[in-house]
Structures are given as structure tokens and as C-alpha cells.
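Labels A, B and C are assigned to the chains in the order they are written; within every chain, residues are numbered from 1.
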Amino acid sequence: MTKKKLELHPDRLFPADEKVRGIARELFAAANQHPIISPHGHVPPEWLAEDIPFNDPVSMLLTPDHYTNRILHGTARVDLADLGVPVGTPMTEEQSRNAWRLFCKNWWAFRGTAVQFWFTSEFVDVFGVDIRPSEETADEIYDIINEQLKTDAFKPRALYKRFNISLLATTDDPASDLRYHKQLNEDPTWDGKVIPTFRPDAYIEPARPGFKALTEKLGEAADQDVSTYEGHVEAMRKIRRFFKKNGAVSSDHSHRDAGTARLSDREAADLYQQALAGKISVEDGDRLRRHMLNDQARLACEDGLVMTLHPAVFRNHDEAAFARLGADVGGDVPMATEFTAALQPMLTEYGNHENFQTVLFTMDQDVFQRELGPLAGYYPSVFVGAPWWFLDEPDAMRRYREQVTPYGTFYKTSGFIDDTRAFASIPARHDVARRMDAVYLARLVAEHRLALDEAQEIAEALVTTIPSTAFKLN
Amino acid sequence: MTKKKLELHPDRLFPADEKVRGIARELFAAANQHPIISPHGHVPPEWLAEDIPFNDPVSMLLTPDHYTNRILHGTARVDLADLGVPVGTPMTEEQSRNAWRLFCKNWWAFRGTAVQFWFTSEFVDVFGVDIRPSEETADEIYDIINEQLKTDAFKPRALYKRFNISLLATTDDPASDLRYHKQLNEDPTWDGKVIPTFRPDAYIEPARPGFKALTEKLGEAADQDVSTYEGHVEAMRKIRRFFKKNGAVSSDHSHRDAGTARLSDREAADLYQQALAGKISVEDGDRLRRHMLNDQARLACEDGLVMTLHPAVFRNHDEAAFARLGADVGGDVPMATEFTAALQPMLTEYGNHENFQTVLFTMDQDVFQRELGPLAGYYPSVFVGAPWWFLDEPDAMRRYREQVTPYGTFYKTSGFIDDTRAFASIPARHDVARRMDAVYLARLVAEHRLALDEAQEIAEALVTTIPSTAFKLN
Amino acid sequence: MTKKKLELHPDRLFPADEKVRGIARELFAAANQHPIISPHGHVPPEWLAEDIPFNDPVSMLLTPDHYTNRILHGTARVDLADLGVPVGTPMTEEQSRNAWRLFCKNWWAFRGTAVQFWFTSEFVDVFGVDIRPSEETADEIYDIINEQLKTDAFKPRALYKRFNISLLATTDDPASDLRYHKQLNEDPTWDGKVIPTFRPDAYIEPARPGFKALTEKLGEAADQDVSTYEGHVEAMRKIRRFFKKNGAVSSDHSHRDAGTARLSDREAADLYQQALAGKISVEDGDRLRRHMLNDQARLACEDGLVMTLHPAVFRNHDEAAFARLGADVGGDVPMATEFTAALQPMLTEYGNHENFQTVLFTMDQDVFQRELGPLAGYYPSVFVGAPWWFLDEPDAMRRYREQVTPYGTFYKTSGFIDDTRAFASIPARHDVARRMDAVYLARLVAEHRLALDEAQEIAEALVTTIPSTAFKLN
């Protein structure tokens, strides 16, 4: 067996053409002097609040990353349970090693994917591992990483510093007491920034089982009577304010469609009662949910939280896996979506409101050119979200810039969003975005479509003022 | 303050690779010796008939161009009213200068867009301005342009000559008397060619308010009783002939969908009466409209006018802006569209008719590969329209050629359409299309997919025989 | 007249950049040492069983290729009947020559298409013709090819050898006795491999005219009572086994949509009786068809035949051409399609079954990124089919790899499928796919996204183990 080298080329992702590569290198360097802004993601706040050491390579790098699980399951036919899924399943050292061996043995399955690219960055840059994973090298890599995880330099707060993160947003339930965010805010030894995000999805799906119980939980959290629809809105208003007070800048929403049509007050009140009684139809549940989403926008005009939307995923497509392992283990599949008509009721009402701002994400790249670019190009309040989930890889990023730039220009995009729970992959994910933006800009310069000084300004703005503007950071 | 140079590079839009760039340069030169054919656009015919001088830089360059307004509004948060919108609003010199300053100050908002590219061309090529717009340079640029507008060389007819336009089509209401077209035709001092286009959209939307009044207007224009559906068709027949007699080569149609299903004669007659009575439902209005569009195709088999279609835009998405400023101020947003099934009733009936010809445009690029290419590839009468509105920029043009060429080949496309009211931008828009076609062809040559002599023939055909064939010019 | 040379450049399709081209050349060479695997196509098995000589250039090269007919009809306005369509129409030598002249005279209409590329390969590589087709050269080329067709070296079996084909699948009716496949299997002088494919489409469209007669034919072929739905399923089970016994590895399915929702047993039984009585509605026919397709998947779990799907084509769009010339003469047009929700009932039930495997093809490229990649990435049983029909050309192949690789990786794709009846074009079609895969891989290497040794492994796997795995060949 020959041990193969794992290479992290300094010019990775840059085009072969030397002229364009040279420009890209320069633009990337300009961007890369700035810290990482991560205004949407899924890192648990307790990791940083408690500075809990990572236990082992698997629970740190594999289990929380459904991208990795998905490929191992779908391409290499690995059983998800053998990877420690769902997150939190206790694993013995032997189980952990075996999961790691499955990963390394099936390294071939990641060829050509962004996941392989991220791991390569993490291995080389974070852990100093330059050995290509394989069945033969699995244990050696495991040991190298494992040793380091025992040191202080690899605890979450140290990594946060080392990764040069300036802001990290988490995603939080409306009923959360945000204790870890408070703890971090009050900790004099902590000078990073971890902010919550208001994510009320489950509470505005009136036809789903458990709606009544969730509503009661919401009422309790808000200390608000929620027996009427008005009370429900008031509870939302209070909790949004509570989140904002604790640092939140945005609310996040993901439903089957992007509909925002309002009902009459009377109909909303009636359907709400049906929902509490568990008697609402699926269709009416969807209609009430669209009304509720419209009301979230109305509340956003009051409190100024930025509204991020990312509709149209078929959740838990594999019902058996969902029953056995729960949500978020890889069985979500994008569907075609529609924004233009769906958002019209919301945008025509709030789209020019100075306090309102919305960032539209998609898993369906078709809407970039057709709908999101044109909407962001017209409405001052609309931003096109960066390509994320299912689109957070180099070529999709290139297509995104090519399709959105003509309308929204760079200044109506969101900046990169890592959207991840895999903490150690955050720098690698931003690295890809920064490189691909540099590549796109370099092409514009090389083709005389943009002056070099303007490209440099944009490359820096994309990692500084542009996300700050889209997410109202400051 | 440093005054920055505005550069118009002779190799702009060409790829960085020297080998491909050299071929592109050669192919572009071959195309660029030919005059501009503009078979669809929105320049008011009176500008040329009366040779009305342009009043000032704003009313010439900014106000009529909803692309520009849209970006200033959506990205730079400029109030549309401050730009002189809607067209025709009287502006003082000071208001005009202020609008110009807003534009120059927000020049950054256009980075990476085709709009910036067009303005750069206009500034450098038309007005000899090579200063980059900015807050500081706004007045200087205004003055340079304004001075020139007072000279004869910048009156519409002089520019028409200078732009090397050989044909310019306008877009006209069926009730128009086409007086300006007649005036131009009868003017011995005018040797250009300005032709009308028959645009009956408003008259075939039976469920829209005002249908009865529009129908009566149509009847008067045609001197035809329109109390029955047959009479309505006869009025259309007469007016189409009147347009053709005055030079029209095409009719233009844009509705919410591309449907062309026929009704029975009896049902059409019934629904028509309901429409006149203002009692037709929205659904039935759509059904009657699709029947009426089918009848336009039937009439086209008689009179030979080419039928251009561009369905599926959500008009006036921002209702408040529409109420305040009217239509066409930027609040239109594309939607997903469907051609294959929608056009089948029309194409199966007239698609092989020797007199029938249709050019299919889209704002939704997804249909290029899936529907428009295959339809144009099969039906002798079908042409794929060039990428326009929302797609009239370099990268969309490249995607278009890549997606349509395999089916329709170059010879079933329309040639470039500028579709603009911004007269001074016409050469710049055609310049982009000619360059991007040269770039695409150069790649085919460099990859040994096309012989150089064939590429040269195509590059020239794309600006001569191909639009002439698609629009039956000659 | 100058006779122009027809060039088949050794670096055709490779990018201009010398560095990337060099890598592509190397990767292509690695792939190209392997024989052609063709697991889905339409070559009639009797051609090989009987080794029937090709009659003339037209019936060999033009008439069976609806791609060619389509372009000649749609772009060059040639009457399909003048090309010998439909297949099997007897042609005199003069008619054949005239068809050939029409083809050569209109060679310009193929510029930029894959069809021109295939013909160039066939002319130069198969027939040694390096003269560019034109009106003037038509007869000379006809004569050169015609002479060769009279020799043994151009009989089907000799070409099969010369083309270096290792496996060729045909497409067969469930009622077929597979006599030619048996004949080949029993022929000691034949050492190639020609296998049947089970294609039951017509038999599972309960609302189509003739369903009862087809069902009876199916029952006879299976020697099975089909008066109940259970009997129908049993007939399918038996015939699938018969196909498998005779070498089949897959079943192939193409309906208007990809729906697979099950009905209750009772409802299926009821609708089946309505269908046999010719009284089923179109909607119920679709519902029963989706249930039947689900049952095909259930049977696949038993017998292990791979299920290939390619839904969503509007068949025979031009009704007059269909009435005059029959199906498959070019009047099919793709439509938008949806897989995520449509396949969920099937995949959630069988998607993790070890015996089940499905390959999803599309004529609508939009689903590659949004649906097919994510589905193949998750389900071990799902493979993304190579770009074929309407997408089997260089740029679509590039887009396919760019959009699917991030999810499914190379190892969840199908390998190239030629899907053709035009026997002589098989090597040219595979040549394009091999070159474009090499070009894609070369870019990944040049951009440091994949190591060269891994790219070489993939380039070879794409023409060996990957199609073998997807189609269970071995």
C-alpha cells in the first residue's frame, strides 16, 4: 500500500487560465483578510457557552453533517445507524472507530463533491492531516485528530477564534429561553458574538398533528392567552421582541410553499379555532399558514427582524428512515417552487416598507434567473440568498452569480451562508464561496466587463458590508 | 477626488483565452459590417417622423428605460418619481440635473449588469464621454451630453443614420391611425425604414375591466360592427390588413399564459356576449382569450403577419407603484411558463402552414432547452426568439445559444431583438448580442465543432438573413 | 465548386486551453481503451440475428434516425415522406438518391448540432469519407458508402465487432417471443451479446383505446387469465421472468408523468374492470397506471430487473404528421416534469430494498439539480440516467455532470446510453460522451478539485463498472 498525499492546493477552484487565475488570486486575497460572518447556521449555542470539548472525530465531523451521512448512505450503501445517526446516540470508542473506518474506506464516494472539498480543507488546515483517507489510513487519521481534540486548542471557543469568526447565528425554537445566548452575553471572558434566530415553523403549521400543544407551549413561553388568533399573533410579537432583545436579527421560515396570501380576519379566526380543535383540513391549514406567514412579515415591519425564507423541500421522503432515525438524516428532497405569485401579497404590502427586509433562499436553482433576481432587482426590501443547501458547491455558486448578477447586482445578495451544524467545516465552506466569488469577478475583469478596482471593492463588500446590510448587523 | 476613466475595451466580452479571443474578434468583425435590423421595439414613431430633438440627458437616457429605473429603485433605494417616472412627467432643469446626479452617484449599483455595459457604450461611443459616473462627475457628464443634444447631429434621424439602422419596428395599438408611419413613408427626405407592429393584447382580454369600451374602439377603428364574435374577428382581420399595408410584418402578443385552445363556435359566441356585458368570469375570460389567440394565428395564415409571443409575466407586482406611477415602471416579474401543451392546439393546426410563422420569446430561460428548442426544431413555422427582457445580457445569451443550438440550430432563431424605448441604447444592445454570438461561435470553432468558414457564414447570417427570414423582411 | 474537406479533429470537443486539453486527452485515452456497453437502445435484434446487409445509405443512416428527419423537416423544410419516413417504406434507387441529395444539400441545417457531429464521425471513421456534404458532393458520397455496404465488412455483425461493442440491449414488446435473442444465444458463430429489454408502456395505459385487446394479447403471451387485476399482475410477473431468463436486465417505462401512487386493492380491481370495459375516465386511467407502475417496482423487487424511467414527453404533437406517418417521426416534445413527489410512494416503499434499482432519465434538464441528483444521492437504489434524447449533445452533457456530480457523484450515474436505432451512429454517440466526461474531469483536475489518479479511475469506471453496476450487468 502506498499512502497517498491529500493536497490542498493554494490555487484550488481557480480557473486554469493563468491570466484569470492571477486576477482571482488577487481578489480572493482581498476578501480573505476579513473575518467570517455567519448570519445563519445550526451550531448549538451550548457548545460555545459551555466550551464543551469535542469527544471524538466522528461525533465532531461526521454525525452532525447530514451531507456526509447522505452520501455514505446513498452512494456507498452504509447504514445510517452505523454512522452514529441520529445525533446524540451514544457510541463506544469501537463504534466510533468503525464509523470512521466506513467513512475513510468510502472516500471514493465523495469524489467531485463539495463535501470532499470541505473535508480536505478541514484535514489539512484544521488538523494538519495530509494523508488521503482510505481503509488503510483510517486509524492513523483517527488517532491524529483524536489526540488534538483532547487539547485546549481544539475546544469550541478556541476554534471560533482560530476560524476568525466575527458573528455566528444559531437557530432557535420560539419557546427557547435563550439561556446559552444570555450566558455568552454575560460572560466577561467571551468576546465573540453568538446570536439567536427566531424559527417558528412548527408553530404556524395549523394542520399538523400537535398544533394545539405547540400553541399552548408558545402561549406559556410568551405568557399570553392564545385562545384566539389575535392572541397567537400577540404571542409571536412578544417572543420576537424577546429574541431581538437577546441579539436576534432575523426570523427563518421554511414551508412547503412560499404562499403569503391573507385571509379575512374573520376567516383567520375561524380557521384558527378549527386548528386548535384538530379539525382543520390540510388545504385550510395551508391557507391559514400562508396568512400566518404574512403576519410574520407584518410583525417584521414593527420589530425589524429580517425574514429569511427557504421553501419547497419534501421533508423525510424516506418514511422508514424517518420512523427509525428521525428528521434531518438526509431524506429531504427539493421540489419545484414558485415565488413571484406566492410572495406578491406580502411584497406588494410590505415590500417598500423601510423596516421590512427579506432574504429569499432556494433549493431550486431555476428561480434565480426567473424570479429571485427580478424580485430583488425591483423591491428595495428583497435580497437573493446565497446558494445554500443542495446548492452550496462551486459550480452552483458560479451559476448563481451568473444568473442573479444581471438583476440584483452584487449588492442585493446576502453574502455566503454556511447553514451548518458541522462547526469545523465553517471555514472551508466560506473558503469555497470566497474563491468562487473571486473566480466570477475575475472573469468579469478579464472580459472587460468590470474594472479591477470595482471588482476589488465588491470582493471585500461580499464578506463585509453586503451580509451586514442584508442581515442588519451593526 | 480622482476622476476615473470609463473604458470601452475593443475586446470587451471576449474570453480571456487568446486563441478563442482571436477567433471571436474575427467573427465579430464579419458580423459588425452589417447594419442593425430591429424588428421589434418601442421607440415612438413620432420621434423619427417629427425628428424631435431630445430635451436633456435624463428624458433621453434614463426615464424611458425601465431597466435603469428598476435598479436605481431596487438596489439604490431611489424614489422612482425622482427619476421623472412616469415618462412624460415635466421636469425642470434642476429636477433633471438631480435625477442625473442620483444616477451618477449610484453608478455602483449597476456593476456587473448589462445596463452598465450599455451606458458605457453610449457614453463613450455616442457622446465621447470617458469619465466614470460618480457624485463628483455627474454635472460634468450632464453638461457634455446636454450640449451635444442641442446639435443637429443628435436629433433622432441623424442618430438613426449614425447607428447604421436599416429597419426599426415600433409597437402600436390596433386603434392607431399609423399617421407617423404614413408620414415617414411619404417623406421624400427620409430613406430609413420604420414599420408598425400590431399589438392587440388589451383587446383580447375579455375579463379585464373596460373590455366593452376597447371593443367599441376597435369596431370604430375597423369600421366594423363588433356586436358578435364574428364581427370581432372581422375587425381584427381588417386592422391587421391595414397594418400590413402600412408596412407591418408581425403581430405581438403577451398574456399570462401561452394557451391557444379553441372553443366551439357557439361557446365562443356565448362567452363573447358575457364579456361585452361585463359578466364573464376570470376563468372563462382566459378560455375566450386563448380562443382569440388561436384566431390570431388563423388570421396570420391569411395575411402572413409573423406572430411573436412572450407570455408569463406578473404585471405590476407592486400595486402601490402601479397606482401611483402607472404600468411599465419596473414592477413586472417573470413567472414559470409552459409552451409545449399550451401551443399544441395552434401548432398542430397551423404549424405546417406555409403562410404561418411564429417567434417564441420567453422571460423564463428554463423553456429554451425543454420546449422552445424542440418546438422550433420540429415545426418549420416556429422560431426561438432571442433572449430579451430579463435575459438580454451576456451570460444569458451564452446559455441561450448553448441550449437552443442543438435543436433549432442557428437558422431557427430570430436574430437579436432590442425591444427598447431607449433609442440611444440600440447600438449598444446589438453590440452585446453580436459579441456574444461571436464568442459562442468561436468556442465551437476552437473545440473543432464547426469549421471556421461555416462560423463566419453564421455570424453574418445572424444579423442579416436570419432575422429577415424570421420576420419575413424583404 | 471547391470540394471542402470534412475534418474529424483528434482533439474535437476538448477545450482550447492547452493545459486542460492535455489532461482531457489523457483521460479520454484511458476511457477509450474499453469496449462500448450499450444497455438501452432500439436496434432491431433481427439485424444481428440474421446479419442482414444494409440496403443503401439512406435506409441505413437517415430513415431510422428521427433526429436527422426532425432537423431536415423543421429547419430545411423537407417533407418527411421524401426521406423514406416512416421506416420500412420501400424506396427506389432514385428515391433513395434523392433523399440523400436532400440531406447533403441541407448539411448547413445541422451546423452546431450533435447530429452533424455524429455524421462527421460516421463518414470519416466508418466510411472513410472526408468530403463535406453539399448538393455537389451528394452523389459522390452516396456512391462511396453504397459500394462499401455491399461488402461483408459492413454487415451488422462485422460492424458490431469493429465498433468494439461488448453488450447491446434492444427494446421489446412484452408479447414478443424474443426469437431473435434466442437465435443469437444459440448461435455458436456469434460471440457478441444482445439482450432484450421489457417495455410494457402500452399495456399499462388503461384509458387508451385498445387496452382490452392489448390485455388479451398480454394474457395469451403469458398463458394467464387476465380477467382480474391480480391476473394482470401475474401475467406481468411471468413475462418479466421470461425476459430475464432470456438475458434482460431492465424494464423501461415512459408515461406522461412519473406518478407511482398506490390505490387500495379494491379500487385497483374496480378501475381495472372499468378499463377492460372501455369505460374508465382519463383521470382514473392515470391513477390506475400509476398504481400499475408501482406494481412494476414491486415485481422488480422480486425479479431484480432494473427499472428505467423517462417520463414527460408530449407524444405526436403534430397530429397530422402522426396520422400520415405514424409515431416516432419527430413530433414529440418534452414537457416539465416532477419526480420528487411523484416517485415518493415507490421510493419510500422499495427505495432501500436490496433487489430494487431504478435509473431516472429526463428530457427536462431542470430536474438534474433539483430532484434527480438529490434522489440518487440519498437512495441507494436510485441512479441518475445520463443525458439522452433531447440532451445527448456536448453542452448538455457538461451541464449534467456539473449539476449531478455534487449529489450523486459519478458512482450514482448510469454511464452513457445511446438510445438509438441508428446502428452506425453508436460509436460516435459514445465518443461524444467519453470526450465530454474527460473534459469535465479535466477541469476538476486543473482546478485542483480532484487528483489526477482519481480522475483516471473515474474516467475508466464511467465506461466499465458504473454502467455495469447501474444495469446489473455481469
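Throughout what follows, a residue touches a chain if its C-beta (ideal position, glycine included) is under 8 Å from a C-beta of that chain, and two chains touch if they have at least 3 such contacts.
Note that the structure is a prediction, hence the values are computed from the model and not measured.
Subunit B maps onto subunit C through a rotation of 120°, based on Cα atoms and reported in steps of 5.
Shared numbers divided by all numbers used gives the overlap of an interface; between subunit A and subunit B this overlap falls below half, so the copies present different residues. In terms of their C-alpha centroids, the spacing between subunit A and subunit B amounts to 40 Å.
Looking at subunit C, one finds that residues 17, 336, 366 touch two or more other chains. The residues of subunit A lying in touch with subunit C in their complex are 4, 7, 9, 11-17, 70-71, 73-75, 77, 108-114, 117, 132, 314, 317-321, 330-331, 333-336, 363-366, 390-391, 393-396.
Those residues of subunit C lying in contact with subunit A across their complex are 17, 19-20, 336, 338, 340-341, 344, 347-348, 351-352, 366, 369-371, 374-380, 382, 402-403, 405-412, 443-444, 446-451, 453-454, 457-458.
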